[in-house]
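What follows is a pair of complexes built around subunit A, which joins subunit B in one and subunit C in the other.
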Partner chain A sequence: MSYLSTTNFLDDKSFADKWLYTMRTGELDLSWMNARTEKINPSPQNARRGLTYRDLDLGTYGFSDVPEKVRENRSYAPRGAEIPPGLPDAQPEVSRKSELWAFNTEGYYEEAVTRQWNATTDIPWERLEGAELPEAIGKALSQLMTFLTEVEMIATDTPAKWLPRLNPEFIEVRAFIASQAMDEARHAEVFRKRALTTGWGLMKASPMNEMALKHLRDADSFSEMSVALHLVAEGNVLTMFRFSEYLSPTDVDKKIFRLVMQDEARHVGYGMQHFKWVLENFPEKREILHKHLDEAENISFAAGAATELTESFIVLAGGGLKPENIEKGIRITTQFQLKQMEEHFERLDKCGMPERKGERSKLWMMYQMGKAAAEQAGLKI
Partner chain B sequence: MAFYADKDYTQDQEVLNAMQEVMQGHLTLHWYDANTERIKGKPADYRRGLTYRDLDVGSYGYTDLPEDLRRHQSMVARGSEKWGKLPDMGYLVNRKSEVWSDNVADLYEEDKSRRWAPAVDVPWTGADAPSPEVEAACAQLYTFLQECALVSLDFPSRWVSLVNQEFLEVKSFMCAQMLDWARLLEAFRKRALMGGQGLKRASATAEQGLKEWLWAETYPQGSLSINLSLAGFLLAVFRQVAAFAPRKADRALMGFAMQDAGRQVAYGLGALRYLLSHRPAQKVAIEEYLDQTEHVMVALFGSPELLEPMIVICGGGLESAQIGAGRIATAKFIRLVVREYMERLEAAGLSGRRTRSRIPAVVDRIATS
Partner chain C sequence: MIKFPSTDYFEALKTRMAAEQERFRRLGFIDATFAVKVSDNGRSRNFVLEFEVFELKNVREVDSVDLKQVDFAIEGDARVWREMIENIKRHGEADTNHDINTLTHFGEQLKVIYDGPDGHDKLYRFMESIQEFFDLSSGVDVSFN
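Up next is the complex of A and B:
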C-alpha cells in the first residue's frame, strides 16, 4: 500500500543531467523568481505579540478567504504558493471548510505555542517529598489520576488521526491539532507522574469509559469527532479539572489542575467555535449535529456511571471513608455532576442549540431527574 | 465505520442501578485494593525535575517492556490493572523493535525543555533586508521548506494512533514532533512572507519524492525515511542557511530549527539501530527498501526549487562571481548531506551501504571549477 513517485530520480537521466549541468555551469533557470503569486508586506500589528498567523491573514495567503470547497490544491504546496503541474495528490479526505473551521483557530494555536508548560519542571515535585496523604485520600487520588492518564491519549490519538487527512490548505487547523496532541501527551504524562508519586502506583482501568471513548476515535467525520471530543468530552473534562482542583489534597495537585485547565479551555474553545460556525453557516446540518450529540452524550454519561471514577471523587470530596465522609462526598459529587451537565447544555445554548435542553436529549432528561432529586434532598445546585 | 459503545448507558438498568447504589452510599470500592505495584516515584535530581526516566521502575517502566505486545490492545495505562470488557483500539504497531529507541524518553524531555514560539522568539523586524534577488531566493527556499514541514508533520500524525499505548514515551515523542513541525511550518511561512516577495513555487519533484517516503508501508521504513533521511537532509539545509543567512531572523530561526531537527535525527538513528540490533534479519528488508527509495534524496537536492535558491543565497546574488561561489558552497553542502547520511546509516548498523548505494556515484559527478 505504499506510494511510488512518478519517476525514480536515480534513473531519470534528464533530471540528473539538468542538475549536474546547473552545478557545473551555474546556468540557473530562475523561473521560480517570477512565480505567479501575490506579494504582500505583513507586519506585526502588535509588537509585543510578535508576528502571528492573524497578521498573515492577507489575500491569497490568509485563512479568511479560504473557500468552502478547496478545489485547486490537494498537494503539500503551502497555501498561496504557485501550483506547478506534477504535484502529487496528498489524498486529503476533508476539503470543506465547514467540516473543520472555527473562529479564532489561529489564536488558539498561537496561545498554545506560547503556553507550553513542562510537566517535568513546572510542577514542584519536591514539595511532595515527605508529604504523606491518608490512605483513603492517597488511593482515591491515584485512582483519579489513573483514569485521567488513561483517557488523555485518546485525545491525542483521535485528532492526530485526522490531521493528515485534512487538506493542507487548512494550515491553522492542522497547527492547532498538532498543539492539542502535544497538550494531551503532556496531560497523560503529568497525571501518570502524579499517580506514581503517591506511594500507591496506578490503580484500576476504566472499561466503561474506554468503551465509550472509542467512539471518538472511530468517528465518521472530522466534525463528528470534534463535537464528541472537543465540545462534549473535553467540556466535561474541563468541569472535572475545575472540580479536581477544588478537591486537590495538596498545592502540587492544585497547580497541576490549573495548568491542564488552561490547555483544556483552548480545546473546548475550538470545539464551541467550530460547532457555532457550522450552525451559523450551514443550518441544514443542525439535525446531523443533533445525531452526533445523541451518541456523544452517551459517552458523557458513561463517565458519571463509571464507579471507579465516581467513588474516587466521593472519597476525595468527603475526605475519607467514614459514613459522614461518604455522605459529604456524595453531596459534593452530586453537585459537581449536575454542574457538569448544566455547563454542557449552557455551552450548546451559547453555540446556538438551545433546543438541546429538551426531550431530544436523554442526558437532559437524566439531568432534570438528577436535579429534581438533589433539590428534594436539599442540595443547592 | 463508526464505533458505538456497547451500551446506551442512559437506558441500561444495570448501569443505572449501580449508579444509584453508589449515590446512596453503598460504595463498591472495587478499585481500592487494585492489584498493581506500589511505588513512590521521585526525581533522581530535583533540579532536573521528575522525568520519565525516574519512573522507569518495575511494571511502570519502559526498559522491561517486552518485544511483542499480545495482550494490550486497549487504552489501559501501562502498569494499571486491567479488568472488565475493554475495547480493542486497533493498534497495528505492537513490536517494540519497530518503534523503540533507547534515547526516546530523554529526547521527549529535551523537546519540552527547549520549547520556543516563532511569533516572539524570532526577530521579525529589522533593517537587514538583503537584495531583492536574495530575498526572492529566501522566499523560494522557505516555500520549499514549508512543503517539507507539512510532510514531516504528517508522518507522526499518520502513525501515532496505530502505535500501541504501552509505548507511551514513543507516542509522547511523536506528539512533540507534531508540534515541532507545526511550529517550523509556521516559522517558515512567516519568514517567506515577511520579505515582501510572497511565496514562490511548490516543487513537484520534491513532493513526489516526499510522498513516497511519507506513505511508506511500515513504521520502521517511514521512520528511516522521514526521521533519518529527510530530517538529516533538513538539518544540513538549516545549518547551511544559518551560515549564509542574509537576515538576523534567518539565523535565529535556523538555530531553533537545527535543534528540533537534531532531535528527530537522533530518534531516527536510534530507532534504526534498535531495530537492527534486535532483529538483524531486518537488515535485508531495510537495504532493499533503501535501494527502492533512496532516489528521493536526489529529488530533494536536485529540485530546482531548492538548488537554485540555495546557490543564490550562498553566493549572495546573481552576479557571475556570486553564482560561482554559490555553486561551490552548494556542492559542498550536497556532498556533506550524503556523507552524513551514510555515516548515520553506518552508525545504525548498515555497514556497507556506501558501496551498495547509487547516490555517492551520482554526487561524485558534480564537478565545479
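Up next is the complex of A and C:
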C-alpha cells in the first residue's frame, strides 16, 4: 500500500474511547448540522428532462463561477461543502479550469447517461444466424473489428487514467470522462463480439495503430491528451465509423456502427468545445495547441494509413479481391481518407484555428497532395 | 393516405414517436433541429423538425432553409426520398442500402449540408434516434405526387 494513514486508529485508545462513549451516552457532536454552506432550492427547468447538472448551476454549488485556479480544495470535498481542517490532500494534478473545461460539459454528460446502450442486448445478434459472408469480406470485416478493438482498449485506458488526476471541483468533467471510459469499454466489447461472430476469429494486431495509440495514452497533460484523443483521433474515428456503417455488409453491422458513432460524436463534441474554450479564454495557449496538433496529426495520419486498416477497407468497399474489386475499393477508400482529413480541418476552423489550413500543418499539405493525386486519377472529391 | 412531402407526413411520424415513448426514451435525449429538403423539378419543399428531450416538439414548412437556424439539413431529390420511404414500408425499417447514413455518406443520393461541424456532428450524436424516427414511416400509408 503506497498510502498509510498517519494514525493507527485501531490502536488509538482515545479514538476508540470516543466511539464507545458516543454509543454509551448518546451525546452527539452534531456540528455538521451547522455546516457553513449555502441553502438553495434547485428544480428542473424542463420536467421532461429531469433534474440536470445545469439545474444545479447555482451559487457556490454551480460550475459557472469555478475560478481558473482551484486552490482552496485539493480534497474530495464536494464543490460547495464546508471544508474543515484535516482533509487529506488528494494531490490532483489538474486544478486549472483552462486545462479541462468545455462549453456544455454538463450537457454532454447528461446526454451520455441517457444514450447508454448494451452491446449484449441492443444488437440483434440473432440476425447473424445464416448470414454467411464471402471469405474475403468476412476476413476484412474481422480485421476491421480487430483494429477497432485495439483502438477502443486504449481509448478506455486513456480517460480512465486521467480521471483520478482531475480536481474533484470539476465534478461535471469527471463525470463526462467516466462516461467516456464506459463508452469505450462497450465499443471494445462490441467489436470483439462482432469479430468472433464472423466465424474467422480475430485477425492481426497492428503495430502502426498501437504506436499511434500509445501517444494518446502517454500524453503529458490532460489538454494535450484531449487535443490528441477527443479532437483529432476521435474526430477521425467518427468519420471512420460513418464510413464503416456505409460499408457494412449486414444490418447488424449497421446497427453497431450507428450506436458507436453516437458515442464518438459526443466525445468529439466535448473535444471541440474544450479546444474552443481554451482558445477563447486563454489565447496565449494557441502556440502550445499548435504543437500538440503537430504531433497528434502526425500519429493520426500514421494510424489511418496502417496496412491492416486500409486494406480491410479496400476489400470491404470493393466487395472482394478481384482486380476490379480492388480498383473500386481503392477509389472509395481514398474518398473516405480525404473526407476524413477535410472534416478534421473543418473542425479546427470552426473552433477558431483556421491557420491550420496552410503551411502550418504538414497534414494539410499531405491532404492537398492527396486531393490533387485523386483528382488527377479522375476521383470526384 | 398521407402525402409526401408534407407537414402531415412529419406530423404522422411525430404522433407515432409519441406513441412509442418507451422506445425513444431508451434511445436517450435528442436535442437537435434539422431541416429536410425535398427537391422536385427545380423546386424544393422544406421542413424544419425540432426535437427536444425524447420527442419531436415541432414541425413546420418553410420557404427556405437558413443553415444558421438549424444544426444541419438533409437534402435530396423527391425520387430518393420516395425510394427510402418505400423501402422502409417494405422491410419495416430501412435496409442496408437505404438508411440515412448510407444515403448521405458521400452525398451522392441525399446530402447533408450545414453551417458548422458542431451542428453536423449532431446528426451522428443522435443517429439511431433519427434513423428510428424515419423507420416509423413503415406504419404510415404514404402517397407521392
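One rule holds for everything that comes next: the second predicted complex is superposed on the first by the 380 of 381 C-alpha atoms of A that agree within 3 Å, B and C clash if a C-alpha of one lies under 4 Å from a C-alpha of the other, contacts with A are read in each partner's own complex, and residues count from 1 in each chain.
Note that contacts are C-beta pairs under 8 Å (C-beta built on N, C-alpha and C of every residue); 3 or more make two chains touch, one makes a residue touch a chain.
Predicted model, so just to flag it, every value in this text is computed and none were measured.
When the two complexes are overlaid on their common chain A, residue A:49 makes contact with subunit B and with subunit C alike.
Looking at the shared chain after the overlay, A:153 reaches subunit B, while subunit C stays out of its contact range. In the superposition on chain A, the chain among subunit B and subunit C reaching more residues of subunit A is B. Residue contacts after overlaying the shared chain place A:67 against neither subunit B nor subunit C.
Touch criterion met: A:116 reaches subunit B and subunit C at once.
Once the two complexes are overlaid on the shared chain, A:168 sits against subunit B while remaining clear of subunit C. In the superposed pair of complexes, A:134 makes contact with neither subunit B nor subunit C. Looking at subunit A, you'll find residues 49, 110, 114, 116 touch subunit B in one structure and subunit C in the other.
Per the touch definition, subunit C reaches subunit A in the complex via residues 27-29, 31, 52-54, 93, 95-96, 99, 101-102, 105-106, 116-118, 121-122, 124-128, 131.
The touching residues of subunit A, counted against subunit C in their complex, run 46, 48-49, 110-111, 114-116, 238, 241-243, 245-246, 248-251, 254-255, 257-259, 261-262, 264-266, 268-269, 272, 335, 339, 343, 346-347, 350.
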